[in-house]
Amino acid sequence: MTNPGWKTFLRTVLGRAYPRFIGVWREKSWLFFDVFLPLLQVSAYVYIYRAIGAPLEFSGFAVLGGAMIAYWMNVLWSMASQLYWEKETGNLQLYLIAPTSRMAILLGMALGGLTATTVRAAGVILVGTLLFRVPLQVADGALFFGVFLLTLISLYGLGMLLSSVFLLWGREAWHLSQLFMEPVYLFSGFYFPVRALGFWVAAVASLIPITLGLDAMRQLLYPQLMEKFRFLSVEVELGILAFLAVLFLFLSREGLRFFEDLARREGRLTLRGQ
Amino acid sequence: MGTLMGRMLLGEIAVKTEELTRVFRLRKREAREGRREILALDRVNLEVCWGELFGLLGPNGAGKTTLIKILATLLAPTSGRAWVAGADVVENPAEVRRHINMVCGGETSGYGLLTVEENLWMFAQFYGIPSREARRRIRELLSLVGMADRASTKVYHLSSGMRQKMNIVRGFLTDPKILFLDEPTLGLDVQTARTIRDFVRQWLLDHPDRTILLTTHYMHEADELCQRVAIIDRGRILACAPPAELKKALQRDVVFRLYVEGIADAKNLLDGMKGVRALAQHMEEGRLSVDLILSEEEALVSVLSRLHAAGARLAELKKEEPTLEDVFLSLVGRKLSEESP
Amino acid sequence: MRRLFEAWHGFKAGTWLGWQIESNWTEPFLFAIYSVIKPVAGVLILVFMYLLVAKGGLENPLFPQAFLGTTFYLYVVNVLSGISWTVIDDREHYGMLKYVYMAPMHLYGYLLGRGMAKTAVATISVLITLAFGLAFLKVRLSLVNPGLFTAALILGLAALAFYGILLAGVSLLIARHGWVVGDVVAGGLYLLCGTAFPLSLLPLPFRALGLWLPPTYWFEALRRTLLGQGLHAELSPFSDSTLLLILAGATFLGMALSLWIFRVAERIAVRRGLLDMQTMY
């Protein structure tokens, strides 16, 4: 792995984030499709809960899950499968011959993608509270923000790890991203408390940081209702999230090195049209 | 310390390969005629000096790009070793990357939504170049390739020639010590190709300590630009010398171009004849054009009589000065334009 | 006549290519896993929502209705996102769009063909999900009226393909984003067509909009033929044949609309030189 010095590292992060920042403002069609229409999808789950007479807090589960889906989608489509896309368009080889850190490039992608994603997630929350009168009051704001931040750090660490794995998989990467949508919505409990799946399923699903993040945030938002449904206590979940953040960042660095070497040996780094 | 390391440390050698070999293994369903392996590079030995513009000349599929990819740290060799700027490409790729850049022809780089300047700035960031310095270099290089007025144009609005010029600027922007140019004028119009060649030549004049390794299958490009040329085919280096020297080796041979009518194939007729060293043929405006390399001029008489006996009419006969194309023909038995089988 | 021939030519080429791409991306075993897990997971989300909250759990009378809507919705998401993604993929990944456009075949027909391949793949998912529902979720299906079912299925699928092409037209003009336009429209349709809940729950403007959307009628016709009764009170005054007639009209309208919008989008794309743009960022 290249050790380019922190100045080049920072420049690389900004350099790779730039197209994403600018892309968002230059090509505004995303605003409609990425923000407005996904709201409808979240709304559908709110109405399913209403149809079966669920308490209002369950609609809150769906709204929060819908907001967090934005980040999961961003990780899947704009990080995990991104290196594969970069390979197909000829940019990857230029990244790889540059004397800079690949982690910095991935971090740049992540930061750039976060902007649009946060707008979208905020849109879902805003409409959720205004339109469905979903109660979203947090007693401990700092703790809530801490959980949210740790969830994002470990989630994007996982995204970095996946990007190097997906690089090796060629066109399957696109399908893998597809495969990681509904099953992850299910196992991470995007629309219902993950505890419903049973302790051990929830434990395995916790490898995806959003599982714990969502559970902890729901506990902080709806402490009474979540008494019945909580998976682990917020403190434990926070600790595991911190561990996952370090683990994924470490694994992604090692994974990048390993998979890059493997792809270089197998001649897949620049092989296109797979 | 071996001789090589000594010469590298003395600063003579920029790029060196030793018995460099690369085999691609195919999946079962990709097997070609039952073969699951393709030998892309076969024990390649090369030395390129600092300050040199070195050419790799060979047809499509000869192994040029594979060699460049290994030197640029994008592909691992199956066996053998390679050093770039004194660093081993396998053991110390990070060190190699500090000194290189690469431009490939026929490829786009960067993002269509960004402008030319933004794309170039982004790549400069990966090399740690401060923004102000990057923008200064971008302006300077863009005006050198005649694109100063396109700095604010979005890349997806550029023609392919313009994109390639931008790509060239990207390669030079980081001021690399060693630059790999892989078919940089591929598919470009004559004027754009000339601009790029002029730019490359001038850059090396301005930076005499830098090295360029150029791959091409345009023989006049190699002839015009390169101080030394290696001819490569089916993964093997067949000859390596300055273009003039390569052509000089053919001086004792005689090169003719014949245009004949009335027959469609001369190769079967003439192959193996005494005095015929190599020949290639193709149809041109309804006539058969035959490039002929003879070891002695006298052999022409028997060639012509055999053609006449087969019913061919000679439309035109030219004696030619040997070109790199003829060098390739005499070494390989095919023309450059024919793909490696 | 010639245009019709070109459209047919494009349709054939698109179907063949689509199937090659859809079925050939991986080993058959992985393809099988992919075909099972994705749709079943979608349905299981619904299952757990019911198990957690609904009175009677899966025995709740709404569940089979929601299950059936969600299952056939797989066609909606596959066809809509599949066709619109084709435009982006062919344009920015394979660089093929411009060549397809230049070839003496109809781009419209070609995309319809690609949609055909997507429909085939979606059919596998729908069948698997239905089998899962019958085997594990105690959903009881009985084919009440095979004629109505077949007619509704074919009309609905045709309508979806046309609306997919309409979205492909939109995709011709927009950049490649993280999401495909077909995905997000499909997400909207899940809500507005009352796929998994009664339309009466929606606010009036959304309900009115839902009544203008063909999948609403499609899901309702399929529910009536497979479950013996529909879900939406708003549609109860309509007889089966009226539903079918509305569906036929919507299909025809979809065809006309998609032909028109696609042609307009095509012209704009050619005028602005968007057929070979690279917009990734």
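Going by the order they are written in, the chains are A, B and C; count residues from 1 in each one.
Definition applied: contacts are C-beta pairs under 8 Å (C-beta built on N, C-alpha and C of every residue); 3 or more make two chains touch, one makes a residue touch a chain.
Predicted, not measured: the structure shown is a model, and the values here were computed from it.
Participant: Please indicate the chain closest to the centre of the assembly, with centres calculated from CA atoms only.
Facilitator: A
Participant: Taking CA centroids for every chain, report which one is farthest away from chain A.
Facilitator: Most remote chain from chain A, centroid-wise, comes out as B.
Participant: Considering A-C alongside B-C, which chain pair is linked by more C-beta pairs in contact?
Facilitator: Here the pair linked by more C-beta pairs in contact is A-C.
Participant: Taking each chain's centre as the mean of its CA atoms, how far is chain A from chain B in angstrom?
Facilitator: 44
Participant: Report, in whole Å, the distance between the mean C-alpha point of chain B and the mean C-alpha point of chain C.
Facilitator: Result: the chain centres lie 50 Å from each other.
Participant: Could you grab the centroid distance between chain A and chain C? Build each centroid from C-alpha atoms only and quote it in angstrom.
Facilitator: 27
Participant: Hunt down the residues of chain C that sit against at least two other chains at once, touch-wise.
Facilitator: Touching at least two other chains: 175, 278-281.
Participant: Would you please write down the residue numbers of chain A that are in contact with two or more other chains?
Facilitator: 19, 22-23, 27, 89
Participant: Residues touching two or more other chains, restricted to chain B: which are they?
Facilitator: 108, 111, 113-114
Participant: Which residues of chain B touch chain A in their complex?
Facilitator: For chain B paired with chain A, touching residues are 22, 24-25, 69, 72-76, 94, 97-98, 100-102, 104, 107-111, 113-114, 118, 121-129, 170.
Participant: Going by the contact rule at the top, pick out the chain C residues touching chain A in the complex.
Facilitator: For chain C paired with chain A, touching residues are 25-26, 30, 34, 37-39, 41-42, 44-46, 48-55, 60, 62, 66, 92-94, 174-175, 177-179, 181, 184-185, 187-188, 190-192, 195-198, 201-202, 278-281.
Participant: What part of chain B is in contact with chain C in the complex they form?
Facilitator: Contacts found on chain B: 108, 111-114, 155-157.
Participant: Which bits of chain A are touching chain B when the two form their complex?
Facilitator: Against chain B, chain A makes touches at 1-5, 7-8, 11-12, 14-16, 18-19, 22-23, 26-27, 89-91, 93-100, 105, 261, 264-267, 269-270.
Participant: Hey, which residues of chain A end up touching chain C in the complex?
Facilitator: Checking each residue of chain A against chain C gives 19-20, 22-23, 27, 29-30, 33-34, 37-38, 40-41, 43-45, 47-54, 58, 73-74, 77-78, 85, 88-89, 113, 116, 171-172, 175, 178-179, 181-183, 185-187, 190-193, 196-197, 273.
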